[in-house]
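In the two complexes below, subunit A is the common chain; its partner is subunit B in one and subunit C in the other.
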Partner chain A sequence: MDVSTHSVRGDWNSLARNYDARLARGLALAGGKVIPSPQTTALMEAVIEPGDRICIEGNNQKHADFLSRALAEVDPAKVHGLHVVQSNIALAPHLDIFESGIARRLDFCYAGPQGLRLAQLVKAGKVEVGAIHTYLELYSRYFADLTPRVSLIAAEAADRDGNLYTGPNTEDTPAIVEATAFRSGVLIAQVNRIVDKVPRVDVPGDWVSFVVEAPKPHYIEPIFTRDPGAITDIQVLMAMMVIRGIYEKYGVTRLNHGIGFDTAAIELILPTYAEELGLRGKICRYMSVNPCPTLIPAIESGFIEAIHCAGSELGMERYVSERSDVFFIGRDGTMRSNRVFCQLAGHYADLFIGSTLQIDLEGNSSTATHARMTGFGGAPNFGSESRGRRHGSPAWLRAGQEAHRQGMPRGRKLVVQMVETFKEGLAPTFVERLDAWELMDTFDMPLPPVMVYGDDLTHIVTEEGIANLLLCDSLAERAQAIRGVAGYTEVGRKRDRQMVEKLRARGAILYPEDIGVDKRLASRDLLAARSIKDLVRWSEGLYAPPARFKNW
Partner chain B sequence: MIPARHSFLEATARARVRGLLDAGSFREFCGPAQRRTSPHLPALGMPVAFDDGIVVGEGTIEGRPVLIAAQEGAFMGGAVGEVHGAKLTGLLERALDTRPDAVVLLLDSGGVRLHEANAGLIAMGEIQRAVFDARAAGIEVIAVIGGRNGCYGGTSIVARSCDRIIASEEGRLSVSGPEVIEAVEGIEEFDAQDRALVWRTMGAKHRRLTGEIDEIVADDIDAFRSAVAAVLGAPRPFDLDALEAEHARLAGRVARFKGAKDAREIWAALGVNDPDRVSDIEADEFNRLVAVLEGDRP
Partner chain C sequence: MERLEFRFAGRPGTPLSADGEALVGVVGSGNLEVMIERADLGGACEASVDTSIHGFGDTWQQVIGDFVERRGLANIRLSINDGGATPAVVMLRLDQAWAGLGEKAP
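And then the complex of A and B:
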């Protein structure tokens, strides 16, 4: 066989040369790294090429909204057929570019409020969806087959050399920047202000191609603020069961909380209920979660010792800055967040707990609803068994003993869903068949969009009790354990009473009285803070809630 | 650590009554067992409440006899319908016979129940007349505001007809509600979603500073109880001189503040050094501020 020693191609630096050409076109127009905001669209026409892969930064909170609008105004004759690779489809211009043909293909994680319109555009053939990802998956593909040629990012401030300060909402910026800048991609940053010297350098200037001062600060949404005033007695009951039946039993110290009212109830009874049980220092010590205001009492009372955040939360900036023993703070005194590292920390924690809309008899859960294309976000990575984990911890080993009763001893991550048996409008949470199946057909997806798979799930907590799926030996037992906590839903009413009693004797079903939870104590009186104002009081005035959450 | 307390804001009407009265002293009139429900709501296909959203009865506060009413804000926003209004009017009329130390009205209402139209409006007039009859007979009527619905519409007029008003800072007092103002005058005039604006315009602290509310207490049932107990049996003058003095005060207030664009301008004009902080300070600090301001007044 004749093996050639010659390279298969003669040109090994085409991406870099292409970058140089783009930069030269941009500089010819802008004259320097800092461009005046009215020229933003013209700059994009100069540096973006048809068919480019492009990322418009935007996640739950921070959005490169000015750049997104500027992109929507480019001439489709010059810029078209883009392949959008970004985590969140949240703003109208994100989809406007598909309507006008500027963009064609889409790989994303989450669509939220634009889910309905996205679904319509997919049906109309305007959007070709590659795949819907979790955050970690999409970022991972940035470093494989989906590296952006151009990324539009958002930062708090920049200096004239392009050094960027992201402020507390660093979020996804490092992942996007790393992939783009080191594979000859163009980075355009919108900043709230140009300064002589940035408070700290979150992105070095020589990675950044162009900087524009946006006319208005980038959009940030306070999506992690839960008003304790809306927490119900039922949620307090479920929180008590979680603390006794799971946190105390396994000794859970490292964990991730979802962002609903259910988990907020847990946070708010740590200083009262868990304190009385003597659990301070024994549970909930390290968290991977955004700085949710409802965490303040648990921090102040010495429960939570350290928190790493995926992003920040409006109004929490000063409080976080003043608690540098707890949060990750830069030398400048403001927080640095990072979604990738927070997701990783949560993935390798002892426990994930969150809420969902539907659970089937295998324990598969989904937040998909009819007519919307919403996606996954971060929950599947937080809420899955970490099979690559090797280090031990009491909670992980204890759960492992239950999960692997024969053969090779192993650990097990706890993955918990905390749900009321009925949702708003008396829609049952427990169903024989997830709506996700229909959604798969509607949107021609390869699989039903399941948020947390049943075999990743270990516990379901409802107002009726706890199902411990680790102690179920067959799918039939698992189904009965789920029916056994499904209350008065159709699924719950079809339980086999004998099987349920058998499972209860084994500890695979636990009712409040089995774990020493006194239902009569389950009231809002247990909440360490009952209102947003109480959270301000706990923070000693450091938490400054946005106006929409005030009632004073 | 925030000390344990029993929130008035969160409590039901019945819990508020229990908390304000001496333990075991409450005797309810026309209670839910009698099922005096609205005759109008079923015609509209709407659910009724067995007490029509108001609890009325008698009891004692620190041993002193009172009549008490509490609107249930969770039923139709505490709105006043025919039965609801008749129960309140009847309670006030009873005061003329039993002569309690006070009639205490725990108001938590958006005003007239629009579904009952004229019946609700007539009820408002009857309630107000009954308040005046009681006061004319020398019986004190105390309004208490600290529920989620605030005190709006006709109920706000009833409140201002009473001897005095005790409120928590979560309480609101205004004739027109935020959404109504926004709908009529436009979002540029009043953004009903801006809760900080709503509270500094209609909230109890502002009403205290402008002289419409008499006392601010923390959101705590015991704090309300103490404040009510402290003023029992101390009716305000209810005669022509008092009315003319109030008219003169209100006319002076309009003249003094009519150019103000925001409540904070009024607070500054009243002598508050740091108007931006007023919304955030606690009830006790606020009351010290008010004491200083009033002491300074000529």
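And then the complex of A and C:
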């Protein structure tokens, strides 16, 4: 073969040379790795090039908010047409840069409170949306076609060599850093303080290009704190059904909980209801979840043995540090979280349980609401069958026996939605057609934004009962099983009563009396903690709730 | 406020409580109060609902009708004072009030 006749690339290190040039421009400006905060915007103008793919770190907790504001102040004549690839659109500057033309294209996971404005900017042609991802999807693409050229990250502290300490909110930093640093990308870190020696090295300094001490500590939101005072009797009833009808039945030991009041109710009746049933040591032993304060009583009473966290939670730092047998703790004594690993652990667990806004007759569920572009976050990866799983566990095998009654024996992950049939204001949870269809048309999406697909879902728990979709043999049966627990919604009222009785005889529908749940006990009295103050007491004073949750 | 009145044919042949004692089950929460009494209604069941939310008469009829049928009730009077409870809460309170009645029964 004559090599000379083939086209040859010839240049193999252009990214690295380009990085060297950017670094030189930045150093010329700043004089070293640590830059004074007033020079941050100038630094960005020096090292960011038009059209760059850029990540501004921020998940639903920790945010590189100072760097985000500094980026919004660059001169659009110098820096423009950026392609933003980041998990969350949560802060106003995240969208300001689209309004001014600094950024043009967006690949993201979740928009939360900025969902309405994002939708307006998309309609106005200011934001070109590539795709909406789950966390694992987007970070996977960081290692394929969406590697950032520049990443703006947040850490707790740095030393003068750029070694970073993230503190308990490690979150997404390792994934972002890994992709950026090892493909010749620029890493700029904002830190709360520059120190002589960091308590532990979460990111080695030679991976970091520049460090800036932010004028104010980075923004953290306590989004996983649920006040037990707001949990209702109905939520306690549903929690009792989950414990008896699912956790006890299958022997669920490894699981992920959503972050709503419904799952908080489960956590808070483990030390009472599940303890009475003799289930300690048999259920809920390993969890992939943030350190939600409502977990404290179940940890203290010996139910939950180990928890790996995607992030931390404000006020829980000291409690977590003092429970190093339960949480993942560094040699320095503080937690190290990691969103990607937590998502993976949850994906391969025995069970996911969460809540949703709408469920259709196939069991597809969506949290999409009219006029907002909110996205997916982590629920689709937690709430889906793990088809690559091969190791057995009692819960997985038991569910597998129900799911695969013929042919090759398989296991099955339990994926559960826990919902009241009506939301506030009597909006029905069960619908014939998801609003997601309308949203697809409005925003020109390739598919309706479904959070958990019906064929991934195994159980629906409502105040009326449990639908076990594994025991339904056809879509018609599945629809009736769903109608059979849909209460007095339009969908529920249209049930075929005969078919529902048939499904109930088979165990595809279970009502409280079928699983020994005594409705008389369904009251807040069953909660191990009925207030934030109770949680503080359970924690022996180690939990320090943020001021807004203190009402005593 | 809207006042709704319902009457259901109860389970045939259900006797009044032996000594005719008036037994009452009462439960209340933030937005719902339920009282259940035994009464000689010729075998039927009656319900009166005072609700702050208009236009849900059909749903009330279904919820209470299902409760009467599921428990096989007769000669029962239900009084409900509603401040906007969901059907879920209504059914839970009815079940709990009924359980309270059962506990006190001879």
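The definition used in the following text is that the second predicted complex is superposed on the first by the 545 of 552 C-alpha atoms of A that agree within 3 Å, B and C clash if a C-alpha of one lies under 4 Å from a C-alpha of the other, contacts with A are read in each partner's own complex, and residues count from 1 in each chain.
Rule of thumb we're sticking to: a contact is a pair of C-beta atoms (placed from the backbone, for glycine too) under 8 Å apart; a residue touches a chain by one contact, two chains touch by 3 or more.
Here the structure is a predicted model, which means the values were calculated and not measured.
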item: Superposed partners subunit B and subunit C on subunit A - clash or fit; value: fit
item: Which superposed partner A:L426 touches (first subunit B, second subunit C, both, neither); value: second
item: First, second, both or neither for A:R537, with subunit B first and subunit C second; value: first
item: First, second, both or neither for A:P271, with subunit B first and subunit C second; value: first
item: Touching partner for A:L237 - first (subunit B), second (subunit C), both, neither; value: second
item: Which of subunit B and subunit C A:L121 touches, first, second, both or neither; value: neither
item: Which superposed partner A:L136 touches (first subunit B, second subunit C, both, neither); value: neither
item: Contacts of A:R493 with subunit B and subunit C, given as first, second, both or neither; value: second
item: First, second, both or neither for A:I515, with subunit B first and subunit C second; value: neither
item: Once both complexes are placed on the shared chain, angle at subunit A toward subunit B and subunit C, C-alpha, multiple of 10 degrees; value: 50
item: Per-residue touch tally on subunit A - higher for subunit B or for subunit C; value: B
item: Partner chain(s) touched by A:G229 [first = subunit B, second = subunit C, both, neither]; value: first
item: Closest approach of subunit C to subunit B (Cα atoms, Å); value: 5
item: Residues on subunit C engaged by subunit A in the complex (per definition of touch); value: 29, 53, 56, 59, 62-63, 86-89, 91-92, 95-96, 99
item: In the complex, subunit A residues that touch subunit C; value: 232-234, 237, 420-422, 426, 462-464, 487-488, 493, 519-520, 522
item: Residues on subunit A engaged by subunit B in the complex (per definition of touch); value: 229, 271, 297, 300-301, 524-525, 528-531, 534, 536-538, 541, 547-552
item: Residues of subunit B touching subunit A in the complex; value: 1-2, 4, 6-7, 9-10, 169-170, 193-197, 199, 203, 205, 219, 279-280, 282
